[in-house]
């Protein structure tokens, strides 16, 4: 089966849950945000010995996986201190032809669980798995590995809440107090050491890396620190080491513009929404003045609820919808309706973002506060503040990081990666998080790298196109020689929704037709 | 020493043996002469315990075949008709196989095989597979098998059938040798010359019973004929099934 | 006593080893069968798997361009070729009208679902259309301010206990069947040669004229034939181990591997079966008058254990089969390879039954070799 995005509408969602920082940074890769509740740790024999392996199951995947964990010191400098378990899961190769190799797929976020996304990785890496194990590790602070979750205050009602009035610093403080962890120990470098220990324990000589979104940072660190254990690397939606992820604000603006451009250049969309840019500006201006207050229904329960539509919620919903081609297709209609003061489509999209896709926000803050926040240059800070969502993002993170107090990563952390490993860099032209220019940046000192840009993909090229086949080819040959990016250009665009029901051009007669007459008339 | 007493045997509707009795003594060559269907083969098979007689006994060196078949067969060597060679084995393998089956140890069998091969001048074919052997070569192999374990009694079923002159002479010499060594040699035949040339004692069979017993000369005398052939025809009352 | 048995067995084996026909019959089967099966499976896999790029014929594509592009992204494309027309997707004329009013728009798949080569592809097309439909349904709900999770009232989880090995159960059933079959085939020619053939060559009477018991004779022949059967089993196991790794099973989503543990178990379980097969074949051959006759009897008699084994490799078998000779062992082997617990009691019962049958046949043979009829083929 040709893998690509799942049946579910949405995929990558970030933490636009307002509590902590109000913003998610990198996108993550959870496919099933729309359908699935947070995934349960379904384990056949959950607890084993310290090194014991057990078979287990994860949601969405019928296969029996091999699961286990290693126990490490939370702080490597205090080996006798708090111990944490780093869990992993192996999707066993169908036919084990390369027992010394595995594909390590690294999830995004930061804060997402790789194991929770096993079904998605399994789907796109079907070919890889035919002959090699796929290794998933819940990075420290995520999933099952001592997660730093920040549960929201249950008294806060997200629909009614005015997030502009939220005290993010206090929320962060409340979360920190509840965590049984030294949050300074949950950065990428500590996690990298865990990954290497897992590799050694499982006895793989060589890993093929696949990093998506924030996962590309882990992959690049792996390239820098343990290149001798790598056979190939794929960076999908890459965050180059030189780049603070906070530059995402510019990428989001760019994605908004691309959306407006695509609608303008599509005949049906242009005909249906001839003034979409104006519509967007109108709503932004209106909501900037004051949130829109109305009575609505809870999207899930159907209970009546007051809805406070703020600019932050409006832009956040659009931003998250831009991650996936299928939700992106609904945006012109949603924006147009908002301009007509109908916020139902926006409410629907916003509701999709509410469970944060199982992100561990505490771990997210540990990474971003230590590795990105403190290297913002004044110029980037100014640019970010001028962007659509940059101000809220910076304010929120500023308050969170003040509480989190993670020391800044050393200056050489941001050095470009120098490597001669075969490295495939994939970017989606429409990516609202890691635009193609970031991929170019990542190439700076990679001597055996190719950068392919998928013109119709958003974030996570391997999930939306033939990119996954290119990864399989790279893994099989450990060489970039024969990779052909042509298939990435295949026209797989999704048509924009023209009303709440259809993506196909609405026939002139359809609107006027009575329901009863239509079928009879159209049957040949 | 072989003794057959009052053997009767029916095979299907046919009475193959009818109260058959005779002796074959050690140090003698005894010929069992009779036309086809006289019961010679049935008689010999009974001696080996392959057929169970309806009544009567067969004794080998005083051992009743019916009561102690293994003990009785221990004292026997058989030269069968047809030979029953294993075509994929060499004479050396074949002979020593049967030597072992007759109760010899491996080494003993090997030595005995080597001796009998020399004795029968089989050296040049001893290590070739039997497939494709001439009738003479087959006969010698079969004979070697019959005598390799030095049985006190040697039974030969139609031994000269299909043999050339040289082979026949060799066979005769060996049988005489065995006799001179004190073995009891019993052979069945319907070939007059053989019997005349070899036998110390002839048992003439017809219709499953003994018609006459004696040396060839005695039989001629008894019938008043000049040749054994004439005497034989006289004895069985027909010339059916006789070969000159 | 024992030395005579040894002499007999040694000779039988020497004789058999020099018999091209007996050796070849075993060898051809043991070496050829796994290779032929693997070749067949390779062809089959190539035919059964849906091609990575599936071409179908789409009518009225202009009515649903988004759907067509969606399918294209899943590797399902329109083509005008003759092959593509085997699966047709007809988009109804009123598709856009129905869609615009949020009604079900009709699409029709036209194909021959009995064509094995198409089945996977048809299912794949169906699944993708279903996925598209549910995606649109979800987005329609979103557009109305409703969380699409409300229509997914059940979340159905499947925890499949299968291992990659056990998923190949059907094929493994056939593989095990061929192995058990090899026990019967490998010794068969020798069994006939050493019994009916022995008599036909007149050496049986000569043998019996020697001071040895029929029990020794029967035992030696059973041992020789059993050894041949086991040799065939060892060979087919080795060849299978090599050959089965060459087939791209993973394309069907499972793997077939002949592990050393399985080989050991197969040999242990195969021994009683080989003893029984040898006794049965010798018994039947002694009953036949000639070599040819023995061959035809055996072909008929062989059908019984093979039918048992065959039945046991599919799930149509009644439960009683797990207690019977051959089928019981086959099911135990299949349980082992599927990673389940071996039904020890059943295995024990069926193995003992197998041995009992072998013993009965051996005793019957011993008796029959005292009969003039059998010795001389009267």
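By letter and in written order, the chains are A, B and C; residue numbering begins at 1 in each of them.
We adopt the following convention: a contact is a pair of C-beta atoms (placed from the backbone, for glycine too) under 8 Å apart; a residue touches a chain by one contact, two chains touch by 3 or more.
The structure presented is a predicted model; accordingly, all values stated were derived computationally and were not measured.
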item	value
By mean Cα position, the chain sitting nearest the middle	C
Remotest chain, subunit C as reference, centres from CA atoms	B
Inter-centroid spacing, subunit B versus subunit A (mean Cα positions, whole Å)	101
Distance from the mean Cα position of subunit C to that of subunit A, given in whole angstrom	46
Mean-CA-position distance for subunit C and subunit B (Å)	56
Residue ranges of subunit B in contact with subunit C within the complex	11, 45, 48-52, 69-71, 73-74, 76, 78, 80, 82-89, 93, 97-98, 100-103, 105-106, 129, 145
Subunit C - residues contacting subunit B, complex	3-4, 7-8, 11, 14-15, 18-19, 201-213, 372, 375-376, 378
Touch list for subunit A against partner subunit C, complex	1-2, 4-9, 34-37, 42, 44, 57, 59-60, 62-64, 92-96, 130-131, 296-297, 299-300, 302, 326-327, 329-330, 333-334, 343-345, 347-349, 351-352, 464-465, 490-495, 497-507, 509-511, 513, 515, 518-519, 522-524
Residues of subunit C that touch subunit A when the two form their complex	50, 52-53, 63-66, 69-70, 72-76, 92-102, 124, 130-132, 134-136, 138-150, 152, 155, 157-164, 248-251, 253-255, 257
